[in-house]
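Letters are used for the chains, namely A, B and C, taken in the order the chains are written, and counting of residues starts over at 1 for each.
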Amino acid sequence: MSPLLEVEDLHVEFRARGSAVKAVNGLSYTLEEGETLAILGESGSGKSVAAQAVMGILDTPPARITGGAVRFRGTELLGMPEKKRRAYRGAQIAMIFQDALSSLNPVHRVGDQIAEMLIVHRGTSRREARRRAVELMDRVRIPSAADRVNDFPHQFSGGMRQRVMIAMALALEPDVLIADEPTTALDVTVQAQIMKLLSELQDEMAMGLILITHDLGVVADVADRIALMYAGRVVEEADVEDLYARPAHPYAEGLLLSVPRIDVRDRELTPIKGAPPNLAAIPAGCPFHPRCPRARDRCSTEVPELRLVRTGEGASDRSGARSEAPSPSPSPAGGHRSACHFAEEVVSDGR
Amino acid sequence: MVPVLIGTTLLIYLAVFALPGDPIRALGGDKPMPPAVYASLRHHYHLDQPLIVQYGHYLWGLVHGDFGETLNGQSVGDVMKTDWAVTARLGVTAWIFELVVGIALGVWAGRRKGGVVDTLVLSGTTLVIAVPTFVLAYCAQLIFGLKLGWFPTAGTDDGWPYSYLLPGIVLGSASLAYIARLTRTSLVENFRADYVRTAVAKGLTRRRVLVRHTLRNSLIPVVTYLGVDLGHLMAGAIVIEGIFNLPGIGGQIFTAIQIKDGPTVVGIATLLVLVYLFANLVVDLLYGVLDPRIRYE
Amino acid sequence: MSETTEVAATAQTGAVVSGASASLWGDAWRDLCRRVTFWVAVVILAFMGLLAAFPSLFTSAGPNGGCDVRQAKLRPKSWNPFAGGDHPFGTDTHGCDYWAQIVHGTRAPIIVGLLVTGIALVLAITLGSLSGYYGRLLDALLSRITDVFFGLPLLLGALVILTAFPSHGVLTESFVLGLLWWPTMTRLMRGQVLSVRDADYVQAARLLGARDPRIVVRHILPNAVAPVFVYGMLNVGVVIGYEATLDYLGVGLQYPTVSWGLQLSQAQEIFTDFPYLLIYPALFLTATVLSFLLLGDAVRDALDPKLR
């Protein structure tokens, strides 16, 4: 059975004044029914651009999708005529954004903005759509929904506004919800509430959820799988527990080490050296190699593929020679993948 | 608003009456005026009293709807009544023209930013702003009135709207340029706004995103401009009415200034200021209607 | 990772980001140099500046000089002014060489434009900064005063005041127009100062012990002044336009001063038969105003960080 959403080898480029910035370089991931996939990465890793490419809302120009495929339940979305694509947008695949204050139209009432989804996609009458809007606001736990449906976005607090956005996105019961940093702009306590809400709604509606974030803590609670992005591609993909317990890429390793921990005393903060790459001039070979404590010659010349990490016996030795004994691999979707030449080494070092 | 009104009318009053130049003597023309007549005229117009008292008289009259007397003895109010309609028609023509064409051009240019239309609109509007209105008026009169004969060149003989079309278009052209640019800039800025991205992500048609989301928000600055615009129109009317020979109050105030008919000048100027302040008040209220963020503060 | 590789890492990832020097004015200047409209405007304005400063380089006649009434209203021989002949632009109603009149008519509008903008700018920057920075009573007072001026449409005010003034020289006109123009710019400056005043770097300066004058001059002014400066540049063109209109209405400069506006005023009765009397001054006037507008536009676009 085809996965709910499948992104394969996506390439997105931005052209500005002659130079090309490669925001997304061969991104691949899959999302199954009812699954929560967290896409993790620093600013500039291309995660938002990729999400917008999937939704088809990138400004072209200056952005251009230069390769790859995006399949929703097997149907190829890229290259689809805009009119057909619009039918998917909002109705099958919905997206919510980081800053709800600027992402909601300030001059339209909240109820109207939610109702708009139903009116435009389903041809619902205005009255009925408004009624549904109140229901949706209730469902996302906005108190006194019936009274507040006529309010404007600036009259809500940050957390409430984000709930409005969620209500709007879920109005048509989409199969996939992409949440682009939904809690970054919120206080920690509100963050927790929103994440809990998303999680519950996802269960209720059997949605696939793609959670884009840079916050490891948020991910740990909510996600089933993680795709870690660096310089526009996935460098590690695994179930949450697997990645946290046995990272198979130096970047993931570095990230986990750099999280400050209250429970471990006298441990120095160990950040990852260097800075994220300039996307107009991505380093050759493995894009992480300039910052990698394990980098070797091979890393600066050969781009590592995202491949299954071999576990157990047969891990490669220090010289980097590939192991000869493949272990039984899990199903193609799922499993622990890493884009590092020495992934097994990372895993074994961590044990 | 009242303090501003008082302040502005005082300013005008001072400008007209506090500066040198004796209007009463000018009334008499070349003939020397008998002192008794001179004194009585001065007394009649309160010119023998301190300036501030004169102003007090004037304000008192204003409150009762009396705009004063011209130096010919007519009521300023009466004089304005007849000519007010002409100016109003001219103003309305200009206003409709500048709004409809201005916003349309602005939207067209903004939608295809950087394209041919955009460049044309930007350069065209810059050019129109650069040419002083009276030069435009003469050129228009020459080309469209005389040479091509599309419009009547002067006077109100053809009545509404034909007589007012060409003057109205010329009068509104500078404002049109501003409105088109303002709409375009506002539109371009709003296209990049986050909420437009959300609207697109909702799967709305391009048209709906443009009209219901982008345009509505983009027109707010245009509305606020309209208040100031009225001032430009009023000033421009003075010039346009002269060139196209329309008997409106613009031409009247101009003549009054020439012959130093102080009361008429102050009377008409006060009326114009009143209209201007009122219009700005309306614009302020309208702004509250259009942008709910202001409303609830 | 050894130290050399660490340095190499930072160098590779960090270096390309910083690039060439990134000061606001430096960047703006580079951007400006690339724009065609900027250079067009500069060339035209340089030409006009030469005409205004050194008229004798361009014509031998003095202002209103060498006029022969018997040679009045001579049409120019051809549209090409370089075709030669005594009067490349023809003659006006008094028989003066039109080209000479145009050359001499350059100085007045430009001086008025620069003077008015200069006065308004100085007033605006001082009053606007003080009002915006200190706030309270000073600000309230200033706002009321500017409100009063705003209630008066500019042309109307200029018309009324100039009529009553006994003299009509360049200085008078500049003074009166400057008086009417300063409120808009002051409001703008005040708004800018207000938005900069609460910035973090101002707070930081204050906490470090800097005193008010230093804060205003070194921190607030440089950051607040750019839009006002741009507005000023655009403004010169607008003032020149207004000046011409006032001349045309007869309340601005008067004979024997020569200005384009006056030339247009003289042409109004007969231009239908002698269109060149209208066209030449109109052309020069438009070119000058246009150049200031283009200059102002170019500078504003170059300084706008959002458009980079």
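General remarks:
Throughout what follows, a contact is a pair of C-beta atoms (placed from the backbone, for glycine too) under 8 Å apart; a residue touches a chain by one contact, two chains touch by 3 or more.
The structure displayed is predicted, hence computed values, not measured ones.
Seen from the Cα centre of chain C, the chain whose own Cα centre is farthest off is A.
Of all chains present, the one whose mean CA position sits nearest the global mean of protein CA atoms is C. Our note on geometry: chain A versus chain B, Cα centroid distance of 56 Å, whole angstroms.
Distance between chain centres (mean CA atoms), chain A to chain C: 52 Å. Put simply, the C-alpha centre of chain B and that of chain C have 23 angstrom between them.
Of all residues in chain B, none touches two or more other chains.
Chain B contributes residues 3-5, 7-8, 11-12, 15-16, 19-21, 126-127, 129-135, 138-139, 142, 146, 231-232, 234-236, 238-239, 242-243, 253-254, 257-258, 260, 265, 269, 272-273, 276-277 to its touches with chain C in the complex. By the touch rule above, chain C contacts chain B in their complex via residues 144-145, 147-157, 159-161, 163-166, 237, 241-242, 244-245, 248-251, 264, 268, 271-272, 275, 278, 282, 285-286, 289-290, 293-294, 297. Taken together, the chain A residues at the contact with chain B in this complex read 55, 57, 86-91, 94-95, 97, 99, 102-108, 116-117, 120-121, 152, 154-155, 165, 168. For chain B in complex with chain A, the touching residues are 193-195, 197-205, 208, 212-213, 216-217, 290-293, 296.
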